[in-house]
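So that you can tell them apart, the chains are marked A, B, C and D in the order they are listed, and the count of residues begins at 1 in each.
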Amino acid sequence: MFFASDNSGPVHPQVLSALGAANDGYAMGYGDDPLTRQVQDRIRGIFAAPDAAVYLVATGTAANALALATLCQPYQTVFCSPVAHIHEDECNAPEFYTGGAKLTLVPGGDKMTADALAATIARENTRGVHGPQRGPVSITQVTERGSVYTLEELRALTAVARDHDLPCHLDGARFANALVRLGCAPADMSWRAGIDVLSFGGTKNGLLGVEAVIFFDPEKAWEFELRRKRGGHLFSKGRYLAAQMKAYLEDDLWLTSARSANDACTRLARGLRSAGAEFAHAPDANMIFAALPRAVHRRLHDAGAVYHLWDGALDGADPHEMLTARFVCDWSISDAQIDQFLSVLQA
Amino acid sequence: MFFASDNSGPVHPQVLSALGAANDGYAMGYGDDPLTRQVQDRIRGIFAAPDAAVYLVATGTAANALALATLCQPYQTVFCSPVAHIHEDECNAPEFYTGGAKLTLVPGGDKMTADALAATIARENTRGVHGPQRGPVSITQVTERGSVYTLEELRALTAVARDHDLPCHLDGARFANALVRLGCAPADMSWRAGIDVLSFGGTKNGLLGVEAVIFFDPEKAWEFELRRKRGGHLFSKGRYLAAQMKAYLEDDLWLTSARSANDACTRLARGLRSAGAEFAHAPDANMIFAALPRAVHRRLHDAGAVYHLWDGALDGADPHEMLTARFVCDWSISDAQIDQFLSVLQA
Amino acid sequence: MFFASDNSGPVHPQVLSALGAANDGYAMGYGDDPLTRQVQDRIRGIFAAPDAAVYLVATGTAANALALATLCQPYQTVFCSPVAHIHEDECNAPEFYTGGAKLTLVPGGDKMTADALAATIARENTRGVHGPQRGPVSITQVTERGSVYTLEELRALTAVARDHDLPCHLDGARFANALVRLGCAPADMSWRAGIDVLSFGGTKNGLLGVEAVIFFDPEKAWEFELRRKRGGHLFSKGRYLAAQMKAYLEDDLWLTSARSANDACTRLARGLRSAGAEFAHAPDANMIFAALPRAVHRRLHDAGAVYHLWDGALDGADPHEMLTARFVCDWSISDAQIDQFLSVLQA
Amino acid sequence: MFFASDNSGPVHPQVLSALGAANDGYAMGYGDDPLTRQVQDRIRGIFAAPDAAVYLVATGTAANALALATLCQPYQTVFCSPVAHIHEDECNAPEFYTGGAKLTLVPGGDKMTADALAATIARENTRGVHGPQRGPVSITQVTERGSVYTLEELRALTAVARDHDLPCHLDGARFANALVRLGCAPADMSWRAGIDVLSFGGTKNGLLGVEAVIFFDPEKAWEFELRRKRGGHLFSKGRYLAAQMKAYLEDDLWLTSARSANDACTRLARGLRSAGAEFAHAPDANMIFAALPRAVHRRLHDAGAVYHLWDGALDGADPHEMLTARFVCDWSISDAQIDQFLSVLQA
C-alpha cells in the first residue's frame, strides 16, 4: 500500500540484470564507451531524430537545470507553470545553473494554456533593458498534478513560444506515462510538437537513476557537455548509466512499465471514487489527487498505507474535514496491493 | 593491459550483489531510507566520528565542489596544488558551486609543502577589500601524481591553515589507496590530521559511482543538504547509493580492493624499472608516471595496451624520445595482465 | 511638462556646489576619506542608530541587490510585491547578486498586506530540502505605484517576518518622500519599524547618483564591503559620493526637496481629477497613476508633455479608450510647469 | 607629497564645470539623452571606429568585469598576467560576473610575452571536457607595474590569441598615459593592434568616476547592456557620466592630463635615482616602483609623504633594509610638490 511516489518503488529486474551484463572488463570512461553510443543511437531511432544530441545524467533536477542553462541566458526568464517541478521542487537549481535567470509563472492550474502563456509573455519584456528578457518555455508532461497535455495543447503552447522565437523545453520525468496515455509516437510528443530539448525520464519508471537529455537540434551539444561536466554530472563510469537506459528501451520495457503504472492508477481511482473520494477528473496517468475525510486518512495510515497529504495534517480536530492526498502508482504495484488499500478504505 | 584509469575497470561483484539485495519493495526517497542511515552510522564508526554528518553523491566532482561551496564564500580563494583535480579536471566546478571563488595555486609539485602553503597564504589577502579573502585549503590524497602525503606532512599543512583559521578539505578520491599505504586508521588520515571535510571516494575503487562527503563538524550539514539538492545531486532512490557504499565497507572490501590495486602497481613499477623506464621514485599507491622511448610506447600500443601519454604524442619523428605516460592500476587487474604487459615491454 | 521620472530632473545646485567644495587636493581612496566618515556619522545620527554600518553606492539597483545578497543565501527566496522594483526593473540583479536565489511574489497590489505575506511565507518551505528556503522580506516605501505604507502597516509586515526569523529589507529609493508624508522620524520608518537593512535613496531626490545602504545591525558589514567590491561598486574617489550625500542631509535639503515633489504631485492630482482623470485615490507621495482618454494623451503629448503610458499606446483606434499613465514629480518642478500642463489638459 | 594613487587626486576643474553645464532641466534617463549620444559619437570618432558600441560605467572593476563577462563563458578561462588588476585587485569580480570562469596566469612579470602566452594557451584545454576551455586574453596597458607595451608587443600578443580564435580585452585604466608615451593614434593601440574590447579609463586621469567600455565589433552590444543593467551599473542620470567624459575628450584634456602625470613621474624618477633609489628602468608612464632604505622611508613618511610600501613595513629592525614602494603621479601634481619630496629624500 505504497503510493508515496513512483521513485520509491524497486528497480525493474531487467535493469539490474543489464548492470551485471555491462560489468565485463574495462571500458573507457566519461561516456566514451560502446554501450553509451548504442543507447544514443537507440534514442535517436526511437525519436526519429537522427541528428539529435543525447546525454545521460542521473537525476531529473540535473536534466532540467542543465537543459535550461543551455537554453537560457542569465538575464532572461523561463516561463512555466506555478506548480512546475523546476519552480517548486528543485531548491533553485534552475536559477543556480542559469547563473541567476528568473522563473516567470504563467497563471492558472497545472496545465498552462496557450492564452495564458501568450498573455504572460506579452507582459514580460515591455521594459527594455530594465526587466528580464524573454527566455525558454518549460512544459511538464505528465504535469505535477497528474494531467497529460494533448498533442494539440502542446502544439498550441510551442506555437506561442515560436511566435516570440523562444525555445521550448519539456520536463518529461514521466514522459512514458504520458506517451502510453496519448498512444502516439515519441516524436509526436516532442520535436514534432515543437519541443527543442527534452528531459526524458527513466528514474520514476524503474531505473536506479538515469534521465536522458535530448537536444533535437545539436547546435548547443558541446556547450551542454561542458555545463554537465562543470555541474559534476558527467559520470566516469558511464556504461552503468547506459546499461540502465538500454534495458529500459529494450522490448518496450519503458512502455510496458508505464502502462502498468497508469492502469494501476485507473484501478485505484475507480475504487477511490466508489468510496466517496472527491477528485475533479479521472487520472490521465499514474498519479491522482483525491480528497478524503481526515478520519479515513487516519484509518488508512494506521493500516500501513503510505502517501503524502497535500494540505492539512493527519492530526487535527475535525474528523470530517476533507484533506487532499497525492497517490502515485509505480510500475511495480500489484492489483492485490491496490485492492488491499481499497478494502481498508471501504471498511 | 588496461592502465588508462581506475575508473575504467569493472564494478566489484559484491557491490552489484548489494544492489540486488537492496531492490526489495518500497523505500522512502531522497536518503530517508534505512540503508542510507546504516551507511551513515557505519562511516561514523569507521572514522571514530560519532557526530559527523555524512552524505552520498555520485561523482567526485560533485563531492569536491559541494564540499568547497559549503566551506568557501564567493569572495574568498581556495588554496590548492597546481595539479589538483579541482583546478585541472573539473571544468570550473568549484568556481561554479562557490559562486565565483578563486583557486590560488601553491607553487611546487603535486604535493604542497607547508612552507609553500604558508608563503602563499601570507601573500594572499594583503590588500584588504581589494583582493580575494583567504578561504579553505584543499589537499589531495593520493595526489594526482600518485604520491601519498605522510601523516606528518598532512598535519603540517593543516597546522598552517589553522594558524589562519582556514578550514581544510581533503579530496580523497583515492583515500583507500593512501590509507593502506600508510597503514593508519581512517581518523588519523582525516580529522585527527586536521581535516574538516573529506571527499571519501568509492568510484575509483570498485563502485558504480558513489562518494561520501563527511563533515566532521556537522554545523554546516543542513547547508550542504540544500546545496546538494540545488546542484541536482540529491538522488531520489538513495538506497542504491547506500547499498554500494555499504558493500564497499563490509568485510574491509574497500581496503582489500585498494591493496590489490597498490600491489599491482608495485609489480608494474618493478617491471617498468627493469625494462629501463625512468621515474623518480617507486609508486606510493596505484598510479605511476614513467618515461619510455616513443618506439616502446608504439609497440605497447600496437599490442593493445591502453594508457594515457602525459606529454607528447605516439606519432612523432624521433623513436628514441622519452615520453611520460600515466599508468593506473585498478582493483581488478590481475598479475597475469601485468606480466603480459611487461613481456611486451621487455620484448 | 516633464513627468517621466524623478530621475530625469536636474541635480540640486547645493549638491553640485558640494562637489566643488570637496575637490580640494588629495584624499585617500575607496571610502577611506574624512568626508565619507562624516557622512556615515551624520546618517547614524539622523537615524538614531549609533552602531549602524553605512555604505554609499551609486545606483538603487546596486543598493538593493547588494543588500539582499548579504541577507539571502542562494538556496533561499526573497518575499516581495509583484510590482517591486527588485522583481520588475532590475533585470535579475537580485538573482545575480544572491547567486541564484528566487523571488517569491506576495499576491495583491503594490502594498503587501501582513495577511498575504503570512500566507505566502507559510506556503513556502513546506517541502523540506526540495523547495527554496525562506529568506528576507523586501518592502518598498514609497511603493512602485506611489502608495506609502503607514507605520502600522510596516510594523505588521516586519512582525510576520520576525515570527519566522526572517530579516527585513526596505527599498527606500523614495524614502524621503514617504518620510515627509508620514511626518515621523527616520528611525520610526526604519529600524523601529523592524527594518534590518535600508536602501536609502538620494538619486531620485536631487543627487547625481548616490544611495546609502544602512545595516542597523553591523554584524554583516565586512561581508557587505566585500560584496560591494566584487560587484564593482566600490568607488575609488569616494569623497564625491560622500559630498553629494552630505549636501543632501544638510539643512534638511532632502526633506525640503521631497516635500516640494510631493506638493507638486498633490497640485497635479487635483488638476487631473478636475479634468476628469480617473484614479483610485489621491497620491501619497510624488507619483500618481491616472487614466485619461487616448485623445487627451495625444493632445498632451503633442503639446510637449513627457510621461510614460503604463498600458496601451498613444497610437490606437479608439480615441475614447482610457489609458493609464504614470506621472512623477521631481524636486525641481515648478507650479508654473504643472499649471501649464493642466491648462493643456483642460483645453 | 601625495603619491599613493592617481585616484586620490582632485577632479579636473573643467570636468566639474561640465557637470554644471549639464545640469539644465530634464533629460531622459538611463543613457537615452543627447549628451550620452554625443560622447558615444565622439569616442567613435577618436578611435576611428564608426561601428563601435560605446558604454559608460563608473568604476574600472565594473568596466573590466562586464567586458569579460560578455566575452567569456563560465566554463572558460581568461588568460592574464599574474599581477593583473582583474586577478589581484577586484575581489573576484571577473569570476562573479562571468558566472564562475577561471583566470589562468601567464608566468612572467607584469608584461606578458607572446611566447609565454602561447605556451600557456597551448597547455590549457588539452583535457577535452574536463578542463576549463580557452577564453579571452586580457592585457593591461599601462601595466600594474608601470610598464607600457610597445605596439609590436601588443600585436604579438593578440596574434597569439587570434591563432586560437580567442577575443582580446585591454584593461586601459591608464590608456591615456600609455598613449602619450607611445605617441600613436588611439586606434593603433586598440583595434588596429587586435583589441576587441577596451576598458577606456577616465577616473585615474581626472574624472570623478567614469570609464568607457568600447566594443569595436558591436555584435554583443545588447548583451552588454543587459549585463550592465543586471550588475547595477546602468546609471539613471546618465548625462552626468557623459558630461565628465565629454569634458575629458574636449581640447585633448585627457592627453594633456596624462602627459602632465607622466612628466611628473619622469621628474620624480630622475630625483629618486640621484638619491640612490634602485629601480630596474625609468618609468614608462606615471608610476614607478623604487627601493629605498627603511630609514629613508621613515624620514619621508615623517615629513608627510604619502605612498604605499609594496613589501615590508615601515616598522622594522633594520634601518638599511631596502623596501620597495610604489609612487604614482596624478595629473594635478606640481613640480614644486615633487621637488619638495626630493628635497626631503636628499636631506
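Annotations
Here is the rule we use: contacts are C-beta pairs under 8 Å (C-beta built on N, C-alpha and C of every residue); 3 or more make two chains touch, one makes a residue touch a chain.
All of these numbers come straight from a predicted model, not from anything done at the bench.
Shared contact partners of chain A and chain D, listed by label: B, C. Counting C-beta pairs in contact across B-D and across A-B shows that the higher total falls to A-B. Using CA-based centroids throughout, the chain positioned farthest away from chain D is A.
The mean-CA centres of chain B and chain C are about 51 angstrom from one another, to the nearest whole unit. Between the CA-based centres of chain A and chain B the separation comes to 34 Å, rounded to the whole angstrom. Here the CA centre of chain B is 41 Å from the CA centre of chain D.
Under the contact definition stated at the top, the residues of chain D that touch 2 or more other chains are 74-75, 90-92, 96, 99-100, 129-130, 133, 226, 229-230, 234. Residues of chain A touching chain B in their complex: 2, 4-5, 7-11, 13, 16, 19-20, 23-29, 57-63, 65-66, 90-93, 96-97, 203-204, 208-209, 226, 229-237, 240, 306. Partner chain D is touched in their complex by these residues of chain B: 74-77, 88-92, 95-96, 98-103, 127, 129-133. The touching residues of chain D, when paired with chain A in their complex, are 30, 73-75, 99-100, 129-130, 133, 223, 225-227, 229-230, 234.
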